[in-house]
Amino acid sequence: MTVLFSTILTLCVLGILAAVILYFVAQKFKVEEDPRIDEVEKMLPGANCGGCGFAGCRAMAEAMVTREDISALFCPVGGAECMKKMATYLGKVAPEKEPTVATVRCGGVCSKRPRTNEYNGTKKCSMAAAFYVGETACAYGCLGYGDCVDACQFDAIKVNPETGIAEVDADKCTACGACVKACPKGIIELRKKWPKNRAVYVSCVSKDKGAVTMKACKAGCIGCGKCAKVCAFGAITVENGVAYIDSQKCKLCRKCVNECPTGAIVLKGMDPLPKEPKAPAAKPAATTEAKPAEKNESVNEQK
Amino acid sequence: MKTFPIGGVHPSDNKKWSCNKAIETLALPDVVNIPLGQHIGAPATAKVAKGDKVLTGQLIAEATGFMSANIHSPISGTVTAVDLQPNAQGLRQMMITIKREGDEWIPEIDRTAEVKRECELDSAAIIAKIKDAGIVGMGGATFPTHVKLSIPNGCKAEFLIINGVECEPYLTSDHRTMLERGEELLVGVEILNKALGVEKAIIGVENNKPDAIASLTGIIKEKKFAIEVEPLKVQYPQGGEKQLIAAVTGREVPPPPALPIHVGAVVCNASTALAVYEAVQKNKPLIERVVTVTGKDVKNPCNLLTRMGTPISQLLEMAGGLPEGDVKVVNGGPMMGRAMVNVDSPVTKGCSGITVFSGEEVRRVPTSECIKCAKCVAACPMGLEPYLLQRLAAKQMWDEMETERIPDCIECGCCQYTCPAGIALLDYVRLGKQTVMGIIRARAAAAAAKK
Amino acid sequence: MANKFIIATAPHMHSPLSTQSLMRDVIVALMPALVVSALVYGLSVLYVTAIAVVSCVLVEFLIQKYLIKGASTLGNLSAVVTGLLLAFNLPANIPWWIIVIGAVVAIGVAKMTFGGLGHNPFNPALVGRVFLLIAYPVQMTSFPEIEPVVGGIVDTFSGATPLAAVKSGALSVVDANLGSMFGGFTGGSMGELSAAALLAGGLYMLWRRVITWHIPVAVLGSMAAFAFIVALMQGGGAELYALPAFHLMAGGAMLGAIFMATDYVTSPMTPKGMLIYGVGIGVITMIIRLWGAYPEGMSFAILLMNAVTPLINKYVKPRRFGVITAKK
């Protein structure tokens, strides 16, 4: 009995002693912190993706609280809504920013871009890109080893095993930009996000001359400039042998889509414009119009 | 017998297929492609345009700045293009294309076989001649030789070390050159001695080339050269510049940015010494080199004296063509060479051999988990911990990689060679080194901008 | 083009080494000790070894297939090595179910829980042995009497090992039959019998470059030095040489130093680290042997140093080329 009693007593004394020590230590090393930082952090998505440019959500919250002017800060994951909520809480003005979505600009699927060799090294885009042209003859195209997939924290990008090209799930994409940084070829771009995931973009970044591009990949942009000529909004520029559609200027009029001879301009979430009857040569392309809207994602491949 | 102090591996050297084959001269190519960037530093600037007639040995591209090298026409004919062409890696690179018409040399070049030993030029004139001839390190690093010979202020060259190690398995081009062109090579070494103002040169040769050691020692004795041949214990990567200096002199070059000259050493490749002889004594620029074409399934492994710019496919044809099935054609040796996508790419100044792998050797061994056997740590000649660097690189922990001395890595491949788990250590280490070096350069640039 | 070009970054050669080949060499190196043990204790040795190996392999197979759901890892032979080492740490007359429990703990708890080969912080065979030693102390420490299979030259010890005998004061180290301990005819766990056979295995592994000399030399050297100093402080005499020699040959010293401490996964990566680790094992073993409650401390010492290994790896770096530390 005495053994039991003394044991309980010792443990109790030890417990109280430890509690007292902990209390004083906690007092001594207490860090004064703005309690609003915790509150703001709770409002952030908590993905710690670094899309804002900070190391994590905590650092972003600190910046939100400490900085007077928060117009340079933006959480791409939470978007405008989250920014507004935090700004209201802090009594600051939230920056306006349009939602964007990551877009993989390469249409060189296996059937269009033949493999010329087999890569037996470590399957990382960064390693293969630093070493050589890649498994196809196109030095600009998607390698398909998925550095972007590794970088994505939202499970929004996948390499399609059939095409060998990364594909973005626009609904999951938060436009944090991690994949843009991870891609050694600079193929991925954050473009304006239209409702219903509509999009028109040039799915090629090859700076090679037209003939060279054509030889390597049948879906490549050859820089012919036909699209730029029909664009009424000055959204299309052709530089270094490759066309580029400015997503801020583009109005989704879709005229350029029908002009592209290689199908490098991709149209998503919409029907293509009907072909004008004056060009009978374009007849086969007209069959694509009949396709239901769901299948339009693969319009460029059918050409 | 001497060797370097840390690490190293012993791959089977497989030199037996080509080490007894005398150097043959390859037939002149009909068309050559001359890349403007075939050396470390800025690519040369083209001095010819489409339609120009050029003679063999004529300057066709001039060094751009100090860290660059001249390029000369390896054949006579007409320039048909100065344009982007795919190189061995399939990447497009600026090249001068020349269609051959006969073989007419510029008259300044002395083409006689007579060995000319006396050289009255002073150091500056020798270095100028080497610069004019566009000589770069021919072991593969392609560092412009005139830059190497220009000793920075505050340093003094004490040793000239000639790299006749050829530690890369399979390759025998330096071996054959030392054996067949020994006297000329030694005169080249003598000239390099004069250029550097050093008394004595040491030729480091691995002990698996006893015939070359005997032949060079014989010539030195007979013709009274102030040159020493140092037989070295066979171990890879003995031919690494830092390893060779440590093996021969016992001095260790400190980590980057220190250079070999900071321990008083200048290292030149054996073939480079021969090129120096030809440039200084015969006015012949660097337009041809010996290339070993070898491999287990190559029908006729050989050592070919080849004009620069010759398509590698022509060399492969001479060696009996590529074996059937999947092949890996490597520009260089098996430990550090680069696998080629495009075998029609040209021979360049740094191309010491073409190694062909086929059958089982063509692909990497399967990968399994690291068992922490420490063999990579034991093998690393720079005293690094490849297993750790690999993990850090995979996790993108670049700062930690820098503290673990990743810039020291010489990318010799010993770690990956030895790894029983077949892990691609060097792939990750290389990625980490590239990234960290980029960070260091960016930091230096930012610091410079602040000033 | 008929040829398909394969592209990979350098190096394009690979050494003939593989995890499997290394493990195979370890198995070969363990054979002499197994043979000696079988000659001394008879067929029961083979029976115990077979059960240990089979159950280790089976446990790894089942966990890999049904819990981890990965590709089979049996090909690397590490489960066989663990099974052999576990068997070597058991008495020859142990019941079969204890062996199976040992295998489950060794492979299931100490190895696969952490993710399998390469991830385990502690030597699996030793974790198994120590678990059994604590859970079944009677069965684990009562050794069969030696059946003199080879002629009549055998010096029989009934039951207790020399270490236990010395501990209990029944034997003075000076009187211990060192020759018999070296040859393998004194009682103990199956694999611990013959110092000579274990040394032969160690030399084979050194020759095949499976291990380096650092760990065994550090362990045995520090044990001998420690024993020598202790004998010196106790007044020297005949014990001065008998004590170190006795401790090197008794119990698990050889087995531990050569086969257990050198386990790749749980030992340090750098030569310097290996020496520190080895000395740590040697000293802790001797402290337990001389002043601890257990007659033998090798297993505990190795497991303790296993725990220190990550720390050693973090702070003990190899000699970097060209870095002269004296300058600082």
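What to note about this one:
Letters A, B and C mark the chains in the order given here, with residues in each chain numbered from 1 onward.
Please note the rule applied: contacts are C-beta pairs under 8 Å (C-beta built on N, C-alpha and C of every residue); 3 or more make two chains touch, one makes a residue touch a chain.
Since this is a predicted model, take the numbers as computed values, not measurements.
Geometrically, the chain at the heart of the complex, using CA-atom means, is B. Taking each chain's centre as the mean of its CA atoms, C is the chain most distant from subunit B.
Of the two chain pairs considered here, B-C and A-B, the higher C-beta contact count falls to B-C.
The distance from the centre of subunit A to the centre of subunit C, with each centre set as the mean of the Cα atoms, comes to 53 Å. Centre-to-centre separation of subunit B and subunit C, using mean CA positions: 48 Å. Centre to centre, using the average C-alpha position, subunit A and subunit B are separated by 42 Å. Counting only residues that touch two or more partner chains, subunit A has 116-118, 120-122, 127, 131-132.
The multi-chain contact residues of subunit B, meaning those touching 2 or more other chains, are 326, 328, 338-339, 341, 362-364, 424, 427, 430.
Looking at subunit C, one finds that residues 4-9 touch two or more other chains. Against subunit C, in their complex, subunit B makes its touches with residues 5-6, 9, 11, 169, 242, 246, 252-255, 258, 322, 324-330, 332, 334-341, 343, 355, 357, 361-365, 368-375, 377-378, 380-385, 387-388, 405, 408, 411, 413, 416-422, 424, 426-427, 430.
Taken in their complex, subunit A has these residues touching subunit C: 116-122, 127, 131-132, 135. Of all residues in subunit C, those touching subunit B in their complex are 2-15, 17-19, 21-22, 73, 76, 78, 116-119, 212, 264-265, 267-271, 274, 313, 317-324.
On the side of subunit B, the complex with subunit A involves touching residues 86, 89-92, 326, 328, 338-339, 341, 362-364, 424, 427-428, 430-431, 434. Contact residues on subunit C toward subunit A in their complex (touch as defined above): 4-9.
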